[in-house]
Amino acid sequence: MAIISQKTALVVSAHSADFVWRAGGAIALHVERGYQVHIVCLSYGERGESAKLWRKGSMTEEIVKASRHAEAEAAANVLGASIEFFDMGDYPLRADKEDLFRLADVFRRVQPHFILTHSLADPYNYDHPLAANLTQEARIIAQAEGYRPGETIIGAPPVYCFEPHQPEQCGWKPDVLLDITSVWEKKYAAIQCMAGQEHLWEYYTRVALQRGVQAKRNIGIASNQIIIHGEGYQSLFPRVTEDLS
Amino acid sequence: MAIISQKTALVVSAHSADFVWRAGGAIALHVERGYQVHIVCLSYGERGESAKLWRKGSMTEEIVKASRHAEAEAAANVLGASIEFFDMGDYPLRADKEDLFRLADVFRRVQPHFILTHSLADPYNYDHPLAANLTQEARIIAQAEGYRPGETIIGAPPVYCFEPHQPEQCGWKPDVLLDITSVWEKKYAAIQCMAGQEHLWEYYTRVALQRGVQAKRNIGIASNQIIIHGEGYQSLFPRVTEDLS
Amino acid sequence: MAIISQKTALVVSAHSADFVWRAGGAIALHVERGYQVHIVCLSYGERGESAKLWRKGSMTEEIVKASRHAEAEAAANVLGASIEFFDMGDYPLRADKEDLFRLADVFRRVQPHFILTHSLADPYNYDHPLAANLTQEARIIAQAEGYRPGETIIGAPPVYCFEPHQPEQCGWKPDVLLDITSVWEKKYAAIQCMAGQEHLWEYYTRVALQRGVQAKRNIGIASNQIIIHGEGYQSLFPRVTEDLS
Amino acid sequence: MAIISQKTALVVSAHSADFVWRAGGAIALHVERGYQVHIVCLSYGERGESAKLWRKGSMTEEIVKASRHAEAEAAANVLGASIEFFDMGDYPLRADKEDLFRLADVFRRVQPHFILTHSLADPYNYDHPLAANLTQEARIIAQAEGYRPGETIIGAPPVYCFEPHQPEQCGWKPDVLLDITSVWEKKYAAIQCMAGQEHLWEYYTRVALQRGVQAKRNIGIASNQIIIHGEGYQSLFPRVTEDLS
Amino acid sequence: MAIISQKTALVVSAHSADFVWRAGGAIALHVERGYQVHIVCLSYGERGESAKLWRKGSMTEEIVKASRHAEAEAAANVLGASIEFFDMGDYPLRADKEDLFRLADVFRRVQPHFILTHSLADPYNYDHPLAANLTQEARIIAQAEGYRPGETIIGAPPVYCFEPHQPEQCGWKPDVLLDITSVWEKKYAAIQCMAGQEHLWEYYTRVALQRGVQAKRNIGIASNQIIIHGEGYQSLFPRVTEDLS
Amino acid sequence: MAIISQKTALVVSAHSADFVWRAGGAIALHVERGYQVHIVCLSYGERGESAKLWRKGSMTEEIVKASRHAEAEAAANVLGASIEFFDMGDYPLRADKEDLFRLADVFRRVQPHFILTHSLADPYNYDHPLAANLTQEARIIAQAEGYRPGETIIGAPPVYCFEPHQPEQCGWKPDVLLDITSVWEKKYAAIQCMAGQEHLWEYYTRVALQRGVQAKRNIGIASNQIIIHGEGYQSLFPRVTEDLS
């Protein structure tokens, strides 16, 4: 099957726009390098992250969800990723065992080589840590031989937490700075699909520029490598390697 | 010069045996891959880590130091690294500005692609954190254009803290597990050069086996990669990359 | 409406007496300064914090709850605050979505200028962190345009965690010391309403005196301001200001 | 009753083998000293920790559970402890109020002088922290006069978290090193009952040796006490004592 | 004296440009509100933060220092603050008792109502934490009646750590967001005095915009207050207040 | 010698009164149980902790020191401990190698079974952490065979940090609560020797009562043990034991 012969990645987004601001560069970069990247949006962010739509008046949850669905699909398209929607509701996001198994089944199907999701804490947003923990637990279940015995279990793909809106308040500390300079145009095109949150376009452009400067600083100013845009990630597991340079 | 055309690494060891237990695998592994690895021993550990010698009776500090010098040189030889001794004294290790500049000058000369040193805390051993901080500050000074202007500054090589004797008590958390299976025999041969601390041979053999099991667990039990021996490291700076898998 | 023209505050208490020991001073102080302060007691503490009543014999949960209700109402009265009881049960306190929405609706109704609740951790009491997290999440939901669209959303009022019984064990670190000297008599009168927990009266008197000394120390012994009694609080969000003195 | 006249301990294990690797020494040691030690296994680990069984083919959850039940019972027998199984399921372990009360009732019945359970965090295993939190909350409920009024409440027995598989990744830091040298043979016999996880036998033998060396180091190399094997524990509450030596 | 009748603030900067990027807004804001703000530059940053000058060739430390002196004086002028230079050297910055007393004497003279300095940790820059600790200790000494007995001791002015270059790597978490919108033009004019570090102008403009957005988020999107530019600070002591809103 | 046949303890106090407030109970308790307790005061606290004396006017450092010496000697006498004064100066306390060796020699002479000193952090007092670190390093040196070879080295006695003035601000978390009820009168008598700091008498009486209540809470309210006064301590090393109850 295609999935097995190709490298894959899985992105779990609490609301339908999170993956764009926070991981659009990583998605585009790995798609360009031949990965199949699959995105799961647990909710549309219909209640909590669609203020602009609700202010239009005569709005219903269905219309909001449809609009958010379209935007996210367009962004995924720009980035080159596949996308699915769990429609679990937001503010609050809640997950029962069936939701957990549904996500574990995606892990089994996708067999990701790495995973991107939210930070484990966020005092401004309780849906984000819930998504991160659900992702972590689904990964563990998909590793278990006794879950749907006979299916191919997954390995131990690294999990990276993407940058929250106010990083220091979330106890988030990046240990990976990803150089996304080569795909920035694509990320910004995806950002522009998010018509309902235009106030964030420039905010996340600046985030990318700051992480770019920091990445450059962390390879040394004497280096010839040009880095303009970056994304920060925090790993949840140690990296296994044979090379320290 | 040879140094420039070849990848290099620098190891800073508070006492003359630390590099063997804690980083022998990394040194051997990178030497085999073509790196020139250089070791600086700040002291011989003549007071604090030579109990077996002192118990022999009619011992002097000079004899202890000579014995430790010979052991460390033999171990470096086995591992394939060059070594030098600063002879700064131990228990307590203390560093003034001249020591700092001396180490900064080694950074300038070696131009290391990565650095290995101690953890930043160790309630059992105050020399270890001092060595780590001295290393960090020397690296910063070697990066400064205004220090010995005209010399080639160094880049921003990653710094890894190697495993202390009682890791949890030192707040040390490995984020890198190095697979040293292929060079274990060489590391154990270097360990055996440390005749004065034979009680530690099996201790650090077990450390290597435990980190090996953990490394295997962190790549997934389904993986075909065989890992028997490992070394753990904690990074002090974020890693800059274009690849998350 | 009155609520809109007046400054308001909301206190969320896991059990019906918590607000007295931990926030009685803040409540009285702000009531005196013109705030309308509203208290929500999630439970009566009927199981876990009514030992003296249960030891009387021939007691039922209803009698305990009625007794606790009366005490808490009397204390709120002394402090000048309004109070309501959710009667969600204690030991364990548990909250479902409806409880969360019920509390979010209180936020919408009260439109608080600040919020007081429990610390986020307490190894001696699992109801306290649950109350704190429920409060935080209700605040987030009450901020969302998509929750009960058309209602007035709340702003971003600061949240302060009040002092737990054994502060260091809870990882609680006060960053605000409130001078409650001027209202101490009122707080102590409210404390005396808690007939079922008389063993705590002197304990929390001493807490107030210690925090008072510390407040004095933090403004400097040279200051003319007299502070005798204090209450400590930990903020969960950064403070936005134009004044650093 | 026998329970009252004898010292007792309670061990809460998420899966049916955890108590062997992590607390077998403490159990055997205290049994030898006259304690009645009781073990509760919340699940059999049938899904997540029985890979070897599942790989045999034509396996069912019932057969796995029966096999794990037999192994755990044999191990408890070797150690001299009583054991019961809650069969709550694993991967994921989930607990509702009835599970909590069931465990609180065990606390009431056993009246333990100390408690052993899992660490509060484990990114590799979400069942472990859930077991630890369930244990902590059950202990709190069993302390409450208002829970099943009239029953004898429990005191405030210390709670110790046993060592997780990758300790540094779990933020686990031992503050107690238990000398299990005298009962090591018994612990290793119990370990050998775990036929389904033979790959862990040597791993946990090495853990015992490492903790033994560290215990020796923490009493001083000059001491005459011989310590070969150890187990590490992290306390969750301060220790009350009259003796600091 | 004028100093006593006027509110004052003290800024301690490790290198001669730090105060501009990190605290220029706070300085300008408080000057506009009538404070006398005094800046102490411990060094010129002549070695470590003057790369552009050194690259010009035929440069000496004296010329670099003179250039940095002029830039910093111009920036202080734009901001409306007084400035003095301790010329202690950088890379490494080192302080002996005399340096400590010299700074304590500035505290005594200025009698500051608040203090701004560096963060307590910075793995990229060892001079910054040294400056922060020197400032903290000088403040303590200036509080002591027994230091230069007879002089007026200082009170307990709050200390705020300003934002380091890579905040998460420094463990810095802002608990104060200062609205500097009204003085941004002045801060940017001061920034432009730093001809030698032009690459940082846009970096710190973006920092100000990001902190502005976050400040707005922390007062609530429904608020009428317009915040465009911000500066973040971390307090080292609890705040004493009578007002929680 | 007497020292060897008797249990001993060592207390290292930055200033001459610290041991009274913070460890008076532990000293008296262990003296009553037959320990020889020895106190080292590194300084008299002549500058920083003698405000009342300095305010008397026509005071000199010599008179202050003499007065502090007399008070501390009287307090040690009441507690039954021996005492010596290093007179290293305070505000700032500074230690060179000779000071370190002098303290290591006290360790060698006293051969303590446990050690009491300050917390490792204190933002209000830089002398306290310096004293704690000096003590820790002196203990390490006294353990080394190569320091003054031929002398009897010390073992690995536990180190306990006593309670700082504002515990949460110092990151101090007690893991030991010492029951000092039986010696409280003696501690309070020692406290009363500190005529120069009368404002602290009641503060530390309340500290003792609060820690007493917490100790009682941590053994369980159902226990028959009466605890009125307590002292809190934080251990720096794991405890080695064979008993978990």
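Which chain is which? They are A, B, C, D, E and F, in the order written, and residues in each are numbered from 1.
The criterion applied here is as follows: contacts are C-beta pairs under 8 Å (C-beta built on N, C-alpha and C of every residue); 3 or more make two chains touch, one makes a residue touch a chain.
Here the structure is a predicted model, which is why all the values come from computation and not from measurement.
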Query: Which other chains touch subunit A while also touching subunit E?
result: B, C
- request: With chain centres defined as mean CA positions, report which chain is farthest from subunit B.
  value: C
Message: I'd like to know which pair from B-E, A-E or C-E copies the B-F interface, where a copy means over half of the contact pairs are the same by residue number.
response: B-E
Chain separated most widely from subunit E, comparing mean CA positions: D
- prompt: In whole angstrom, how far does the Cα centroid of subunit E sit from the Cα centroid of subunit F?
  reply: 37
- request: Check each residue of subunit C and list the ones that touch at least two other chains.
  value: 51, 124, 169, 174, 214, 217, 221, 232, 237-238
- line: Chain pairs satisfying touch are A-B, A-C, A-D, A-E, B-D, B-E, B-F, C-D, C-E, C-F, D-F, E-F
Task: State the interface residues of subunit A toward subunit B in the complex, per the touch definition above.
output: 7, 9, 26, 29-30, 33, 35, 113-114, 116, 143, 153-158, 160, 174-179, 214-215, 217-223, 227, 232-233, 235, 237-245
- prompt: Considering the complex alone, what residue numbers of subunit C touch subunit F?
  reply: 51, 124, 165-169, 171-174, 202-203, 206-207, 209-210, 213-214, 217, 221, 232
Query: In the complex formed with subunit C, which residues of subunit A make contact?
result: 46-48, 50-51, 54-55, 59, 61, 64, 91-92, 94, 123-126, 169
Message: Taking the touch rule as given, give the residues of subunit B at its contact with subunit E in the complex, in rising order.
response: 97, 100, 133, 136-137, 140-141, 144-147, 149, 236-238
